[in-house]
Structure formats: structure tokens, C-alpha cells
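Worksheet for the structure shown next.
For reference, chains read A, B, C, D and E in written order, and residue numbers begin at 1 within each chain.
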Amino acid sequence: MSLLELRDVCKTFHAFGREPVKALRDINLTVEEGTITGLVGESGSGKTTIIKSIMGLEKPTSGTITYDGINIPEAKGDELRRVRREVQFVFQDPTSSLNPRMTVEKLVGEGLLVHKLETDRSRRRARVADLLTMVGLSDRDLDRHPRSFSGGQRQRIAIARALAIGPKLLICDEPVSALDVSVQAQVLNLLQDMQEELGFTVLFIAHDLAVVRQICSRVAVIQSGQIVEEGPSETVLANPTHPYTQALLRAVPNPNPTVARQRAQERLAEEKVA
Amino acid sequence: MANNSPARQTAVFLVRKAVSSVITLIGLSMFVFLMVKLIPGDEARVAAGENATPAQVEAVRKSLGLDQPFFVQLLQFFGRLLHGDLGTSITTHQSVLQGIEQVMPQTIELVVLAIIIIISVVTPLATLSALRRDGATDVAIKLFVILSAAMPTFWLALLLQYLLGTQIGIVPISGRLSRQFNIPTQTGAVVVDSLLAGNPLAAWDGLQHLIVPAIVLALPFGAQLYRILRAELIQVLSREHLTVARAKGVPQRQLVWRHVLPNSIGPGITLVGIQFGAMTGAAVLVEGVFGLVGVGSYLTNAVAQKDTFAVLGGVLVIGVLVVVSNYVVDVLQLIRDPRLRAGQLG
Amino acid sequence: SLSGCTAGRASDGSATSGSSSVVVGFKHEFNTMDPLHADYAQTNMVDNIVYEPLVQFDAANDNKMVGMLATANRVSPDAKSIEFTLRENVVFHDGTPFTAKDVKFSLDRYVRLGQGIASQLAGYKSTTIVDDSHVVVNLSAPNAFFISGLADVYIMEAAAVSAHAGTDDSQGWLQSHEAGTGPYEGSSTSSPDGTTATRFDKYWNFDATRPKQLVFRRIDESATEHDELKAGNIDVALGLTASDAESLKGTSGLAVNFVKTPGQTELFFNNSTGPTADPKIREGLKLAFDYAGGYSRILAGEGTISNGILSPAFTCLPAPTPSVQDKAKAKQLLAGLGSTSLDLRYQSVDDTQTQLATLFQSNLKDLGVNINLVPIAFPDYLKTLSSPSTIPSLMLLNDYIMTSDPGAGLDKLYNSANIGSTNKGAYKNAKVDALLDQARVTTDLAQRCTQYKQVETQVESDSAAAYMYQVAFPVGYRSDLKGITASWSATPISFQTLRLG
Amino acid sequence: MSNTLTKIAPLRRRTVRAITGVSGVQVIVPIMVALLVILAIVGPLIAPFDAVYRSNILDSLQAPSAAHWLGTDGQGRDVFWRIIAGAQSSLLSSVLIVTGFSVLGILVATIATLGGKRADEIVMRIVDAALAFPPIIFALGVAAALGPSLSSAVIAMILTGWPVTARLLRGVMKETMSQPFIENARVLGVSRTRLMLHHVLPNSLDVLVVKWAGDIGNTILILGGLSFVGVGAQPPSAEWGAMVTGAKNVIATAPWAALAPGFAIALTALAFGLLGDILQVRFNPALRRR
Amino acid sequence: MTALPEQTDTRPEVDALLSVRNLTIDAGTKPDPIRLVQDFSLDMFPGDRVALVGESGSGKSVTARSIMRLDPDFRLSGSVRFQGQDLLKLSDRQMVRVRGHKIGMVFQDPMGALNPLITIGEQVMEPLRIAGVSRSEAERRAKDVLDELGVVNAAARMKAYPHEFSGGMRQRVVLAMALISNPSLIIADEPTTALDVRVQEQVLTLMDKVSKERGLAVLLITHDLGTVAGFTDRVAVMYSGRKVDEATVDNLFEHPAHPYTQGLLQAVPRIDQTVPRLLTIAGAPPHPAARPAGCAFNPRCPKAFDLCRQEVPELRPAPGGGVVACHHYPEAEAEAEAEAGEEQGA
């Protein structure tokens, strides 16, 4: 069953005095319930624009975005509240996506408060403490500010914050690309574990195909605002049909000196030809 | 791509600014008009004179149009404004435009000199401060700046005048020009007029008259600029492109001039633009002490006399100057920053 | 280039006194040269030397009338017209001869414009030109005060002025131009920071010892003027405070004259409404002030403590009644005030007034009376005069009666007909009204004098105001200058009489 | 890493502290400010009424002596005690003014930030108009309209001060609004009020705190300036600006009467100026050291 | 700490292009200095391509910057010989001549690395202009370098400003600035981290090509082992201010000696194989001011034993070649441990 569905979504930006930018052209994308779907593409391909449209922060120029029967761009009142409660986000930069003035307790508990899921302060604190333990932090961290955590830990807080209200759909916009390899692995593992444990649906955005391959069951490749290839990640990554996917795939660094050197040779040769 | 060219974008930007400036000025006039009307007092009586009979007062009221309702007076003002007429002062009985023409050059001369002092003193100080951040030099400069800005302007004016003018005598005590010089008025700015008259001695003398008031006026504003500039410099100094420049082997001096300063002066330029209006007003605090009569004195007097059109005219002229100086600032920023030219930050 | 500014008094022998140019420092804005506004001191300071009136009064000689542009005058017995014989061989600064039509033009213009000096011409009907050297000024009602008001009414050249009439009856042009007959020609570059006047060599009463040039320079701060005078950059300082002037005394090469003016510093009460409508309260307030203390410290012991409602500069005065403090009596009289606190209005631009008001406030505080000092701006002050209900309970001001004959001044201040305009204290006394009405139609000076004295005694006994001090205007100047004395034609001094030593 | 030079900073600071002990400023300044605040609270209580307010005209303009440490003024009042007594009105009015216009500024900036494009445009035009009006002249006008007194000077300055605050704050708030954590809060379903109170304002007010301290000093100065042009506290008030103005005419003959309150103003402005500076270092991310 | 670490390379030190010996870097004041880097040694020979890897904060950039002496406030000890000259002993002025001329540097953030106000051409030419090369000559050479780096229409693009360039293009410009004076060593501090996968690939290829063509030595700094595999010959691994592992690329990837290196390798998700779970290094690196006693890695090390908590391991030859600083490799046990490490990795 599809939880989130984008149909023919287009988005054109009209900036004053500039050429209009067609950021999205006829995007069709389905996210099946209970899966992790990957969306890959290079910088500027329109990934964030899709996310903003799902958030309801950008209005698509045309097309529909349906979440569980609700058309998000049109949603108001109760519907919108439901979307806000059931769809949560984790962003690329864990530093700027957490309010530096709030303690971890407040940050993680904010959703519980806003959606009146837990209005009692001490019980909320206990819930937050549980969540922190779940993402590998401890209740000693409740009163600390995000600044005093490392990047990986901050991203854990961001995930805890998103998971606090028990979302059905979690959307992650390049949640690991700002992190060190070792931390990236921690966060990826965490996401994977949580998803398995809680069974929510994930839309995972990245530009690194290796990351996508690691955790996604399905993948969609986006280039210049268009989905150029879509399918189960095994298939797509094993036999990419679109040249763009192929190029992306080749660009992924391979920590195997022999393979890597060989690929470097190929590239150099291509470069010379070009 | 014509509609995308930097030139066009710049033009569009400037036109937009112009339109909003005009709206701003209209708003400003209405605002001032209302304010002056709220000042208690009877303009007609002021115009007619202290000993005027009630009949004389009424006659004057009628002839000045002061018997009309508020909005009619305002509309009449704008009507006259379209013809470049700012009205007549009730105390000097002179056209406001002419009155302002007489006092404006004086103020502009003072303010411009103060701005020149600010820029030429603050820039090196702030640069030195930022480069030697938290070192003894920085602390000394910072203390000096804060201390000099902590003195009440008029008090410092009195003090400096007494010390430098009267006691030591290295500068004139007051006025604009020593009595032995006789310079025909052309622009109204003594230094400029002296130069136009081909009398550099007189220009030098005029400059000496202006220097202390200009310094006193400059101090508090200079301190603001110093703060902003220092903070900005420190921020710019930490940018990666400076490390890159140093790694390229750029020597310190060139680093500062080519890479640090141009990237740091943006907010400073904007600040000076904003300060322009405030400085013309603040000039009143030094004008009195140094026997100068500028637009600040003119306006102070006009406010005290409830001289509606004189206040309006004065503020409007300052408003135009502020708008113009903001324009100049915008153009300078455009020249400075290619990203602005491309409308990327606009 | 610095010598001009830094040279002290010592070196002035060569630099300044040798030059016959005199620089005058003055205070407050110089608005216009138009003699229409000669009621304004800064305007009159210049107009007084570039223009001339028909007649003047000599302060040094019992306020006797002297002819300027008129050589003789005759007031008709019914006090309804005055005939003037005009001086011959007088020329305006552009060379045009002065004739009767200029007199008519000038007077008509003032009355037509109805502002400023026009208030001196109240009751003017018309001027009849008899011939080139004779005119008759007709009044709409008998007015014996009229002629003494003419000392500040200047005559301008009809032809030149009407040539620049414009839409404002030449006001714009006259703002910075002049068309007079006086000993000096005004420059056309007058501006708010001053103006320059040059000796007019075809003046009918030419005197080579007048300075060749008079430069008027605006300097608002007393301290600045004080320093500039000492440094030799100005030769006459008109904007000094009493204490600064006092400190100049004894400086070599400088002289200080506290010019005794016809003005008095007075504290007007609202005689009609509020607590001060009660004469006992007024008397109490009057007795509360420490006249002697203020005199010695705020006025630096210059001028005099008031002797009555008129300045000692006037000639027909009743027996002096010096103002004195009497705390005990004041306390007793003021008991009627209860705990009411009063507003004392004053013009804070005048530092002396601020000081006096502060002292008064403290004096009254000692007696248990609270006074709030509330500065008032000129336009507001004028507005408050429009009705007895808005007139301040207490208003501190310097009041000048500009004419040597006090009749017109007394009439303006104390005639109940003038409540709402010039009767500053809303003072009302039928006996005074009657006396003033009588005086207006009395052509005989001596007779009028008796009436004035009666008025003065009555007003004083009603405690219409507290009369504090004669205004003694401190003037510092180069000691080789002569003729810096009190004058009726300009406050405090007229530069007509200025001569180089 | 982008900000290598900021990393270097702590090092410098320590060196300087070790060599010159200059960072003593950071200890002294808060003490100075605290003393001033205490003075403002107890000043009027400890100063003898007569020395402060009662004219003792025959003792006027006495030079400093054992009886009158800072001499007497033109009314024969004790300058020292007047300065002590005047601390309250001088400081209190500045605090009031600065707080007043900060609140106004915050309100306006909030409207501009939350009210959408049009509200922003209108508000900023108004702010521009207000900025084009020379503050001193504006204050003069407002004070003239209300009648000269300390309270009207206070109101006048509140009305003059807000545009700068509003402009500054709007910029900062706009920047804060573009931070990802704001979006993050919005998609969590946070209400506008909560967004403003818990997310935008707390992250924007740093700037204001810094400005606040610096402004106190400035305000005392400008208040003095207003006194100088005839607007402000009236006799017998011992407000410092009014004291200087009242004594400016005797600056040559009795300099103490104007110098002493002038120094009091300068010292206060200095203390708050330095405080502002210290706070700026604490709060400005660009100057903050790790 | 007195013992000289053993060499990974057998070539004689005298031929080395760059020879860093026991470089120790301190920040902070004397009483409580922060030791950022301790006893770092590295040799590079002409044409060598060496990678310096390690997690964020391990001291890679500090080391690179200190080779160039870019931070005047660091206290450096040890020696940095470049072409036989000890850079640490040069005067500031002499150092300026080394920077950009003999050693070029490329930085992480291509946007931040360029001065936004100056044209690309000017910036590329700057090192030459400083060296006194005429403008036309400098322009010509700048165009050549940009051409070489694949900037199409270089002559025209030189007049453009940085904001008009895309990220990949900017990195080419940064590279051009580093290359223009024909240095013999390039230090590239995370030149691709901020870039997209595809651009990353392009830039690396480019560096690869240029350095091969010019026989340039390259010190590549990164935290991603994956990116170095195809590019470098030798890898040095840093952890918390120390070099803990150094080996040839093949050796390092095949037999990672240090547990930290092993951890890093396992944490990289691989496109050619899937694991149910990525293996991670638990915990976070220590702050330089608060390192644990003994081996800095011990709290995170799965194999730590008592000695690790007490004594700092020294660099010793590793079984598979290279050197490693780990108590698990006392000469005898080395082989066995290496085996164990491999098993773990599988």
C-alpha cells in the first residue's frame, strides 16, 4: 500500500529579474508503507524541493502530493495537523536543524507537547529519556544543549525528536552527508534498527549510492528535476539502465585499491579522449 | 537573456529604490507635519508679532492659510512642493528653500568632514584592532574608542574649545573664517568657496575652523563604525579564502588591502549611509558651541517657534540627503560586490 | 594665517584697533532685515544703522525727542494727527533723494502687512503728503502715545522696495536687502549667521570716526563670545551672561558696560483666574523672593533691584518702592494657598531666567509652597495670552516697554481692554482703565506724567506682578570704542552712536 | 574547517591576560555597572535634601573644598550630592528609554517577520522614514509637543529609538527564520506564537542584549544633549545632563559645576559601553571564541 | 618520545622533498597548552602521493597548516624540511616566498576558498603577480593552467566572479591557483568533501592527471578512506593528534594494522557488497585537551587491554609493512594480530 504518492508534481521558481527555474518536472514517486525508499541525485537535482513540497513549505506549481489520502498542498485544519503528526523529518545538518537554545529534553519533547500527546511535564521527561536511550544517548543528556554534542550525537537527537511523536512516515534529507564515515555508519545503523523495530516508512534522500544501497529497498534516481530511473535498489544498482545512474554509480568511491585504481585509469583515459 | 543582464538588474533595483524612497519621503512629510501641528502654540501669533492686536493676528492667520483644516494645509503643502516651493517661514518671512540653502552648505561641510575623519581614522584603527585581536594594541584602541564616545558631545565641544581654542590656541575658537579673509559666497561651503576663489590660505583657515567641531561630531558615530567594522573584520579574517590567499603567498599588506578590507566594509558603508541623517541633526550640539549656524540650528529654532514649513522643509531636505546618501551607499555596494550586481543577494 | 584667531589682546594694537572694522558678536537667530520686524531685537540691531526713523529719543538727555528724518513735528491739539517736517538733502543708499512719499509708503506698508512693528502703529489711519518735505499722519482716534512709538518705525525707499514687491509685498527681498538712509549700507549677503554693514559715505550726518564696517556674527554661547572677545576676534560682545561679563572686568584693552535698559525682569501673575486671582496670594509670592541674593549672585550685582512697575530708565516715575523679601509676611499670606502647587512658566532659553526661577522655587519651598518649573516656548506663551483661563499662574519674563513715553506700554500691559492679547497678567482695574483712557487724549506731557504715576501706584498696590530687576544688559567691548550706551531706538545699544576712539 | 582564526583566539586572550592583566576589564566593568546601579537606588536616599535641592544663593559657585567636595553650582547647591542624587533619574530614564524602544522594536520586527511580505514592506518603509528623520530633531519635536520635561524627553527618545532596533532585529530574525531548525519546528506543527516565543526570539535577542548595554550609555549621552538644547529635566532636578547644561555658562569661571556631572555621564557611558563590548564578545557568534 | 620513529620508506632522507620530523604542535598558553599534534613524522619524495586520513578533529588540517606555517599562534617544534630547508627556521618573509610558490595548497570549501569580490583571473594570477611576473605573462599562464584543468573558454571565464562558477568549477580554480607557480608539492586539505559525488570524482581525476603529468608530489587529506584508494600510493592514519598507522595503499586496505584503521574501513558502506549492518567504531574521538591516558584510542578500541590504558604505544614496523602504533604489535605477535584484524574485518 502506498503511503505517500507524488503525481505529476511540477515546481517552477520565479525569482525577480531572473529566468524561471524548473526545479521539478512531472515527478511521480510512490513510497510504499513499511519500506525505506531512497531518492538519489546530485546537488541541485531537486531533492530538497521535493521534500519542501511534502512538508507543505513550498506549493507545487502543479500535481498532487497525497499522504494517506490527504492532499498535502491543500491540507488545512485537522488534516494538516494529522500530516504534521504523522510525517516527520530529519535534516542534513544536525547543527542548524536543532534550536541551539533548547535543551535536549525540550527539543525532543516539543512534539509531544505541541500535539498534546503528553502534557504532564514529568511524564514527558520520562518519555524523552526513553527515546534518548533508544537512540543511544542517556537520560543524563536531558538538560544539555545540542551544542555540547558531537555531530553524530546531534543527528541522534534529531532522529529522537522526529520519532518522539511516533510518525508513520520519516523523511530524511541527506541525514549523513555531513558526518564522518565512522559516525555515518552509526547513524545509518540506528535508522535501520529503528525502522525495523517500529515499522515506520522512510523516504531517504542521499547523493551517495553506496549509502542508499546499504539501507534502502527501493530507489529512485532524480536528475534535473526528473525521475530518470526507479525500482528495487538491488536491480537498479546492479543493472542501471539510465546513463545518469551509471555515472552516479561509477562515481562512488570504492575502498578497494585495485578496483579504484583501475577505475581511475579508465577515467583518466576518458578525460584524455574528451 | 537581455532581461537577465546585470546592467538591467541594477537599473531595476535602483528604480525600485527610487520609488520606495519617494514613498518614504512622502510618509516622512506627513509624519513631520503631524508632529509640528501637535506642538502647542499659535503660529499666527508668532508671525504677527508679540504685540499684535487680535485683529492683526487673525489677518495673518488667514493670509498664511493657517485657518484651513489640517488636511487642507497638508495638501496645499504637497501642491506647492510639486512646484518646488517649500513654503515660507513664519519667523524669518523668507522662503524656506532659501533659508535652508543658506544653512545647508555649512552643515554638509561639517558632516562631510566628520565622515572623512571617521572613515580615515576608524578604518586603520579597526583593522589594526582586528589583526591584533585581543592583544594589547587592540585593547588600547578599544578603550580609546569607547572612552572618546562616552563623552557627552556638547560637553566635549565646550571642553575642547576651551582647551584647544582658548588656552592653547592651536585652532580658532569659533566661526567659519578668520576676519581677515573675505570670500565671496558661491556654494556656501567656506572651504569650497575659498578654493573656488583661488585662496588656499582661506581654505586652510576654514578647515581649521571646522576641524574641532567635526572631530567632536565624529566621535560617537566613529565609535559605532569601529564596532561594526572590527566585528566584521574579525569575521572576514576567519574566512577560508584568506587562508587560501596566505597559502598563495600573499604578503600581509596586500592581504589586508585586497582581501580583507573590501570584504569587510559592506556593513560599514551601510552604517555611514544611515548615520548621515543622524549626524546632520546631531550637528546642532556642536554648532551652538562653535558659533556655527547650520541646518540643525535652523531646525531647532523652527521647532521651538512652531514654524511648520521650516521644520518640514528642513527635515525633507535632510530626508532627501539621506535618501541620496543611501543611494550612493547602494551604488558603492554594487561596485564593491559583484554578487549584488548579479542580483544574487538583492 | 593663525594670527587673526590666536592673537590675544596684547597684540591687537596692529591687527584690530588699527582696522576700522568692528565685529559684533550677538546671540539668537538673525532672521530678516525687513524693518517690518524691527520689534525683534536682532533685526533691529542692524535696521537701526541702515534705516532711520522720523524721530528718536535721547536716553542720555531725559528721553528728549530728537529729529532724525523729521526735523520738526507738531501733534494736533485733538491728538488726532501729527505733522512732520522732513529733513532735506537726505539720500537713500542708492542715491535717490528722500521725500515725503517714502514716509507714506513705509507707514502704509507696515499697516498693510499688519505684523511686527505694525503694532506700534495701532490707530494709524493715513498719511497725507503736503509736499516733498511735509507730511501729516492721521490717526483714527486721538492717541497721544502714538508719536513715541515711531522711534523704531523706519522709513524705506518707496521706489526700490516697490520694484521688488513680488507677491509678498517685498518681504522676501527685504529679508536680505535694504533700502534705507542710515549711516551704514547693509550687504546683500546677510545670512542666519550674520551680516555685514558698510559705512555710507553720503550719509547726511557723516562722521569719519564711525567704524568703516560693522560685522555682525552670531555666536550663541556666552563662553564662546567671552573667549572670542578676549582673543580679539570680536570687538563687541552682546551675548554675554552676567557672570562672564563680570569676569571680563579688568582685562586690559576691554571694557564692560552693563547697559541699563528700559526692560525689567518680572514675574507676572494671572490676576483673573486661579489661586493668583487673590491679591493676598500675589503679595505673598511677591514677598517670598530673595531679591538681594539673586541680585548679587545671579545678576552679578549689576542693574538694580526694581523700584516699581517701571524701569528706572523712564523719566516720570512715582516714589520708588524697592522690592524686598519678607519671609514672615509672605508665609502668613501664602497660608491661604494650602497645599496647592503652582506652575511657574519661564523661557528656559534664557539662563538667567532659569536661575531666577530656580531660586524662586527654592525660596517658596522654604515657605512650604511647591512650585513646578515649566519651560514654555514662545509660540505657546503667546497662545496662552489669548484668554485669562490659559494665562499661566506665574510667568517669568523680561518685559520691555519700548517707548520712552511709557503710556503705550502701560496701556498694553494693564488696560483691561487688552486682556486676551497684550495684557499679560489679565489685570483688570477700572480706575487704571480710566486713567489710561484719559492719558491717551492728553497731549500735555507733564499732565500725562501725573496720570502715569497714578496708574503705576495703583497697579503696584494690586500686586499685579512681582517686579524683580531692571534688565542690565552686559556688553563687553574693545575699550577704545565709544558710544556704547543705552538707547531707546535699539535694545540694548544702538550702533548709531558707536565711534572709534 | 572554516574558521581557523577564531580557533586561534583563546590563545591570544590568555597571552594578553597573562602579560597585561587587561582582562581585568571583564571584572571591573560589571563591578562599575553594579556600583552605578546601587548608586541609582540609594543615591536619592542618602543625599541630604537641602544640599541637593535648596538654593543657597550666597554660596554659589564655590570652588571644591572640604565642605563641598566638588564645589557648588550657580544656586549654591552641592555638586557632589547633586551627582549622587541625580544618578537615579539619569540611569532610570536611560533604562526606561532603552527598554521602551527595545520592546517597541521587538514588536515591530515581529510584525515584519511574521506578517508576510506586504506587512514587511510597509513596516520597513515606515522604519526607513523614521530613520531619515534626525533623531535629535525628532526628539526635540516630540518633546516640544509634549512640553519640555524629563518624562517627555523619555517618551521622545523611546519614539526615536525603536526604528534602529526594529531594523536590526528584523534582519536577525529573518536570518533566524531561514535556519533549518525553524522549518523543523514548523513541520512539527508548532504554532506561530510558540515559534516566535520559543524559537525565533530566543535566537535573535543576543544582538539586542548587546545593543541594550551600549544603548544605555548612548542614551545618557543623548539625554544630556537634549538638555543642552532645552528639552529634558527641569530645575531643581539633579539629572546629570541638566546639571551640565545649567552650568555651561560658567564653564570658564566655575568649571567644576559642569565638569563633574560631565564626568559622571562619561563614566557611566563608559561603563555601559564596555559592558556592551564584553557582551558583544560573549554573544556575537562572529566574535565568540570556542 | 625521544626515540625517532622508524621509517616506512627506505629511500634516503636526504632525497626527500618534504621531510617532517617529530612535528609537535601546541596551542594555548604555556601553563596549560593544548597539544594538538604530537611527534608527527612523514617523508614525501618527488612525485609521491600520500594520503593523510583520520576522523574529524584528529589533527590533519592542523598538521597541513603547520607545514605551511599558516597559524602564527601555534608553537611548533621538530623540523619540517622542504627541499633541504627547514621551514620552521625561515623568517616570515622567506616563508611568504615558499607559500604558493613551492608548495601549493587546496582547501575543502571551494566557495569559501575564493574571494567573492575579485575576478577568477585576478585570483589565479595573484601568486605570479606577487612574484613580479608581468600582467600579460601572468594572464597567459593563468589561461594555460585553467585550460589544462578543463575550464572551457578560459580567457573569457577569467573575467567572471566566483559566484558565477559551479562548485566543481570553483575547485578547479582553487587548484589552478595552487598550480600556477609550478610548485613541487601540493597539499590538498579535503578538496572533495564538500562536493557532490560526481564532481568529487571529476576533481580527483583532475588532480590525478595533473600531478601525474607534472610529477607533482601530493599530500591528500581526507577522512574518507574510500576516496584515497585509487589515488594515492601511501596512507598515513592520524588519530587524536598522532600518526597511528602508515602503509602503502594496498597493504593498508588489505591488512589494516591498527584497530582504528580497521574500524574506519569497515564503516564505509560499499557499493559492491552489502552487509546487514555496518560495523562502527563506538564512541567519539577525545578532545585534544582531555585525552585518555595511554593509547588515545583505547576507550573505543574493541581490543584494548591494560597496557593500552597505561602507555602510549610507539610506532613500530607493522607485520604487513609500514608502521603502526599499537600495543598489539610488539614485534613477535605482529603477524598473529594482523590475522585477527583481518578476521574481524570479514
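We take it that contacts are C-beta pairs under 8 Å (C-beta built on N, C-alpha and C of every residue); 3 or more make two chains touch, one makes a residue touch a chain.
Molecules present, by chain and UniProt name: A, E = ABC transporter ATP-binding protein; B, D = ABC transporter permease.
Since the model is a prediction, treat every value here as computed from it, not as a measurement.
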Treat touching chains as neighbours and tell me the shortest step distance from subunit B to subunit E. 1
Averaging each chain's C-alpha atoms to get its centre, pick out the one most distant from subunit C. E
Averaging C-alpha coordinates per chain, one finds the centres of subunit C and subunit D separated by a number of Å equal to 44
With chain centres taken as the means of their Cα atoms, state the distance from subunit A to subunit C in Å. 87
With chain centres defined as C-alpha means, what is the inter-centre distance between subunit B and subunit D in Å? 22
Whole-Å distance, C-alpha centre of subunit D to that of subunit E, is 51
For subunit D, give me the residues that contact two or more of the other chains. 2, 4, 12, 15, 144, 147, 230, 248, 251-252
So which bits of subunit B are touching at least two other chains? 39-40, 158, 162, 166, 239-240, 243, 288, 304, 306
Could you list, by residue number, the parts of subunit A that touch subunit D in their complex? 55-57, 80-81, 84-85, 87-89, 91, 93, 96-102, 106, 110-111, 114-115, 158, 161, 165
For subunit E, which residues count as touching subunit A in their complex? 55-56, 150, 167, 196-201, 204-206, 208-209, 212, 223-227, 229-231, 249-250, 253, 263-272, 274-275, 277-281, 284
For the complex, give me every residue of subunit B touching subunit E. 239-241, 243-251, 254, 258-259, 262-263, 336-339, 342, 344
Subunit B residues touching subunit D in their complex are 20, 23-25, 27-28, 31-32, 35-36, 38-40, 133-136, 139, 142-143, 146-147, 149-155, 158-159, 162, 166, 220, 223, 227, 231-232, 234-235, 237-240, 242-243, 274, 277-282, 284-285, 288, 296, 299-300, 303-304, 306, 311, 314-315, 318-319, 322-323
Which stretch or stretches of subunit A touch subunit E in the complex? 42-43, 150-153, 180-186, 188-189, 192, 207-211, 213-214, 237, 247-264, 267-268, 271
